[in-house]
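In the part that follows, the structures are each spelled out as structure tokens.
Each of the two complexes below includes chain A, the first together with chain B, the second together with chain C.
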Partner chain A sequence: MSLDFNSPAFEVIRNEKKCIQCKVCVRQCSNKVHSYDDEDNVIYSDDIKCVNCHRCVVLCPTRALVIKKYPLEFRENANWTGAVLDEIYKQSQTGGVLLSSMGNPKSFPIYWDKMLLNASQVTNPSIDPLREPMETKVMIGRKPEKLEFDAKGKLLTKMPPQVELSVPIMFSAMSYGSISRNAHESLAKAATELGICYNTGEGGLNRDFYKYGKNTIVQVASGRFGVHKEYLNAGAAIEIKIGQGAKPGIGGHLPGRKVGEDVSATRMIPVGSDAISPAPHHDIYSIEDLRQLIFSLKEATNYGKPVFVKIAAVHNSAAIASGIVRAGADAIVIDGFRGGTGAAPTRVRDNVGIPIELALAAIDQRLREEEIRNEVSLIIAGSIRNSADVVKAVALGADAVYIGSAAVAALGCHLCRSCSTGKCNWGIATQEPELVKRLNPDIMYKRLVNLISAWNHEIQELLGGMGINAIDSLRGNRLMLRGIDLNEKELEILGIKYAGE
Partner chain B sequence: MKTIDALNVYYRDLNSSIDEVVKTDKTINLKNVFGQRYIGRGLPENVKLKIYGTPGNDMAAYMDGAELEIFGNGQDAVGNTMNCGRVIVHGSCGDTLGYAMRGGEIYVEGDVGYRVGIHMKEYKEMKPIIVAGGKAGEFLGEYMAGGAIILLGLNLSKGENITGRFCGTGMHGGVIYLNGNEDKYKFGKEAVKVDITNEDILFLKKHIGFYEKTFQKDLNHLKLESFSKYAAVNKNPYSNMYCTY
Partner chain C sequence: MLKEGELRIPSGCAISGIIDKESKRFCGEEIIKSIALMHDRSNGLGGGFAAYGIYPQYKDLYALHIFYDNLSVKMQTEDFISKYFEIESAGTIPTRSVPSVKNKPLIWRYFVHPKNYTVKGDIIDDDEFTSRYVIKINKEFKGVYIFSSGKNMGTFKGVGYPEDIGEFFMLDTYEAYMWTAHGRFPTNTPGWWGGAHPFTMLNWSVIHNGEISSYDANRRFVEMYGYKCTLQTDTEVITYLFDLLVRKHNIPIEKAIKVVAAPFWDDIERESKELQNELKSIRSVYASALINGPFSIILGYEKGMIALNDRIKLRSLVAAEKGNRTYVASEESAIRIICDSPDRVWSPKGGEPVIALLEGEQK
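And now, the complex of A and B:
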């Protein structure tokens, strides 16, 4: 192959005065950036291999390392930027489809940051959650049109199956294969301790994790990896994956090199075989077909588990969501265009789909207009970054949110966006045993527990400030939101007023 | 043996009454079946259903060891994500037969529809098998990752083909046996014709033998050594398609 035109993305700067040649950086870097020269007793760093994951920086005992953006500049050009050229160099060299990891990093508007919450002043006094009861529990599932009671007040209506969440937050679908066993176990343990759920993703459920079943959502995607009767009955709910925010219209593809013994046993495919789940479920070409799959899952679980249907937020999500409700789903999951991924074609990730805030508002509105909003729970995903995003999502109409990127960040992810290489130095997006063992689930799950507990406190504070003492009372309460820096169309879609109105 | 009359019984009630009967009686006759879905879904080993009539879609979905014998035609998605067990259809079947099946056997006396055996996969001793006596529609064995499909092409009319186009597209495991030759253009680039071995012939003998016995046909005239065998080019068909960035 001819000359590689790409220049390094990052520069590794080592403070020689601070470096004690302890070689921690050499041992820790799976990308082999650092190398020790014993003749000169110096550590060299090869910038071009660096993905800026901060592993060496964080572990360096003398803080001798800093990673910076590579200072090389192209001649200034607002159109042909360095990033654009680098992509052309890469593709002209390899002939490959550009593959990226994590969510869309482009500078599209973040509507969460353009919505402001209300608080009570004088009238309808605010509530102090430290000293007064505050409910953040939610029930996910189909709700009956009305409730009937007997003379003694006993409920006569047979309730459809529900999933109880202590906080309206779950961990998004990340398959075992895309993330490591230890990352999976951290999510499972944390979900159990928190009284929420994590999601298996489409890669099946390892036998060792069946014990976390009550706090597990099992996923069914087009490849049906590891899907069997026991699996379907192992979790608290079943999620049909139609689409993913990071790659709407595109399927999943776990390369064979990530399918070792344990992943193979979980997915029930041979070691080393690619795990391909294309975008279409070829048994679903219509809402009626979707209904057939939903009810096959209900039949296989004796109608005991809620069935979620997950779609990517796209242009006509509202109409599709209406169809999903009518197809009999108990919950709809909508994944916005900033949703994370282990690997997605860059062009798809960065150009397909719509922001979750707009999709959520449009879907909630449509389902209300059709008077079917009560029949289904709405769960959203696609870059929920903090507790304020959660509260705004609930006010826009969500029952609960999924977090993926925030959850892996709690486990050490520094968003270097190199998941697809399988060399994650933090032991998250890798199957290499020596990297996986860096993440100790017994210790790391507590970081997830900390994160969600902290968010729960913040949610309670924000609710209390609004004079609301139950998250259920906030759902779809868009009067609690005001827009800032938004045009009229955006306000109309979000269904909110401008600040000051 | 217990008989259930399915006439005008809603599928949900029919399936729960099968569950109920299975607790005491493992062999059941279903009479007057007319389009009820999900019959046999998730049923375990040792359960035997004889089905008379026309069962609806998703028969034997997630089935886990039971044996279903259908005296009539199957509809779409028979054996969807089936884990193990056996389905025998004295008739023809519709589309997506054996979607993502991981184990067990499906024998269809006649023809099968589009996208049959797609996503079939194998794991260790679990190797799913589909045998169909007639022809198949397009996309046979698409994304196939394991197991075997045997197509006998019996009773084809003159000029009629044993399979449609896009056979084995995206195939990355498993094998497809066709009676006779099929034009290369009908196969996706991920599938390749390979030589038939003595082991293949023994395998074909075994399953075609079962077909003969079950459907009471004499297939001595079939020349097993002239069957065509197609397999995946490799198990990582798209490994060079991407460049990480």
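And now, the complex of A and C:
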């Protein structure tokens, strides 16, 4: 093999005056960046192995470490950037498809940051959430067209199954396999304490976690890993995953080395075998097939669980969403192109799909034009970063949001985007026992509870400012939004006015 | 400057309503006196009245009250109306000259019923047919505005203080068993007559004080059911919400009130299982019909009058009873000026309706 042309991405800078050679960094780094030379009593760092996950930096007792972008520069070129060249070096060396982790990091517009919220002044009062009730509860599921009462005023309509969420936020699908058992348990415990739901992802559900069923959404994806009747009945709702925002149009691949005893049992596949999810569901080649799967799942659960259908935000999402409603789904989940992933081909992640804000606005509007918006719940995912994003999503028309990247960040993820290596130093995206045990679910779940509770306070504060005391009144309330730095077309699609209008 | 309907104008207001539950009719002087007392709650940019029981001789016909900008749109509109409706009677609405009431449009009144062959019996009834054409004309005809379309009731409104509008329309010459009145304090208005309250649709009339913060959620919800919010006012969307819930979805009025001023989730948790299920269903299915932000409204319809506050009472509303009569108003003084010793005066709690129906009517 010829020379490796790649240079390090990061530089590890150790302040020798501060370093006490305690070797925490040596023990903590699964990438083996740091090594101790006992002859010289000094610790060396190999920059090229560093993924910049900050594990050593955070744990260093004397704060002796800093990681910086590697200062090596290519000759300036606006077109042939260093990143472009590095990818060419990698591919010409390996002949492989480039893999990436987490969501699309490129500098596409972030529409959340181009929308501003309203507040009450004089003509109506803002409401103080510390003094007045402020409701953030939502009900997810199919709604009948109308309610019927008998002559005595008794309700006749029987409601389809609903999932009750205390806050319109859920934890996105992340499979057991792509993330660790302890990460899963942290999500499950937090969802239970918060009165929301987490999502199993496509890897089945470990039997130890059936006890969190009321707060679990069980996923059925194209690989059907770990899907059986008991599993379908274990959760509060079922989600059919058609697509994922990070990799629309393609399936998934969990490498065999991540399939240990426990993952193998949960997924119902042999130990060490690759778990490959096909790109399409091979029993769904069109919308009418989707209807059959939706109703098979409803049959299997005696019509007791709402069935969600998740798709990636793509060009014609609005029409697809309409079809999904008519196919009988109780909720639609739309995952935007910024959505995270354990591993996706870089070219797909960075170039396929559309921003969730635009997809959401278009879908909500389309379903209203077809007069079916009120029949389903609309859940969005794909880079909700904070409570303001949640509020803006609801104002555009979402019933609830999923958060994945933000949730793992609460558990310690520093978005080093190396999940696919399986060496996550934070114990999240790994199956290596000594790494997994770094994440103690009994302690770490509280960080998730804190995060969502904090966001809930902020949502209440923003709602109160707008003179609203139930999140229902914000849903689809686009007059509460104004655009900034947007063109006419973008405003039209988002269905909002420009600031000052 | 954009006209109302082309932009959204928040406004504060005064409201007042009187009903005689035995359907005894009385003239408009009392309601004018009541609303006039609250002069300072209006700013001269809108006033109006709804009166029920005023057209007994035409009680089975829809009374269309229409503003026209000019004669040519009047002719076009009349051509259109006569294509789909029999016009039993047509004429101007009598007015008296009042110095402060200026720039009046042409104001006409028609008593009509849908032509039989245009109504396809099983598919839509007379009410639905009429409401669709009213919405269509208001949406598509420039310079035309149908501001009242009920049976045996009518709305009278315009730009001015309510007491001046009452005098202008000679309301002292009408007798009704129920009157509601509105004085408006818009923060920004070009003074368009159609923008004044009450807003009506068929027999529904709504007057409203407040600025609802759920406006666009409510608007986008009702627009899924064939309504078109041409005015962008709270009153308009509230009227459509009630029309949708009570007329189209056939929901009892008491339940409809639970939709727009829904009980809090925490309170629902304390109810019996059966009631919990009902209230949860209401809040789930009609979540987008919850009216949020400050409001006090008086709703009139053929059965009577309903007054309602938002869930946390961010607007004033006082009610009183004396004999067969029920009074509601923004201020107690507006009741006492016309009813000096009421049997009972109270301030309804947030979300708790005052329901005053004609004798023999079911809630």
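In this section, the second predicted complex is superposed on the first by the 496 of 501 C-alpha atoms of A that agree within 3 Å, B and C clash if a C-alpha of one lies under 4 Å from a C-alpha of the other, contacts with A are read in each partner's own complex, and residues count from 1 in each chain.
Everything below uses one rule, namely that a residue touches a chain if its C-beta (ideal position, glycine included) is under 8 Å from a C-beta of that chain, and two chains touch if they have at least 3 such contacts.
These figures come from a predicted structure and were not determined experimentally.
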{"item": "Clash or fit, chain B versus chain C on superposed chain A", "value": "fit"}
{"item": "Which of chain B and chain C A:T123 touches, first, second, both or neither", "value": "second"}
{"item": "Which superposed partner A:P133 touches (first chain B, second chain C, both, neither)", "value": "second"}
{"item": "Partner chain in contact with A:N199 - chain B first, chain C second, else both or neither", "value": "neither"}
{"item": "First, second, both or neither for A:Q28, with chain B first and chain C second", "value": "neither"}
{"item": "Chain B versus chain C as contact partner of A:M466, first or second or both or neither", "value": "second"}
{"item": "Smallest separation in angstrom, by C-alpha atoms, between chain B and chain C in the superposition", "value": "24"}
{"item": "Complex contact set, residues of chain A against chain C", "value": "120, 122-125, 127, 132-133, 135, 137-139, 141, 143-144, 146-149, 153, 155, 157, 159, 162, 368, 371, 373-374, 466-470, 472-480"}
{"item": "Interfacial residue positions of chain C with respect to chain A in the complex", "value": "8, 10-12, 187, 210-218, 220-221, 223-225, 249-252, 254-255, 262, 264-266, 277-278, 280-288, 290-294, 311-312, 314, 363"}
{"item": "Chain B residues touching chain A - in the complex, by the definition given at the top", "value": "12, 15, 37-38, 41-42, 57-58, 61-62, 64, 76-77, 80-81, 83, 95-96, 99-100, 102, 115, 118-119, 121-123, 126, 139, 142-143, 145-146, 170, 172-173, 235-245"}
{"item": "Residues of chain A touching chain B in the complex", "value": "87, 90-91, 93-101, 222-224, 227-229, 232, 253, 255-257, 264, 268-270, 272-274, 276, 278, 282-283, 292, 295-296, 299-300, 343, 345-346, 418, 420-421"}
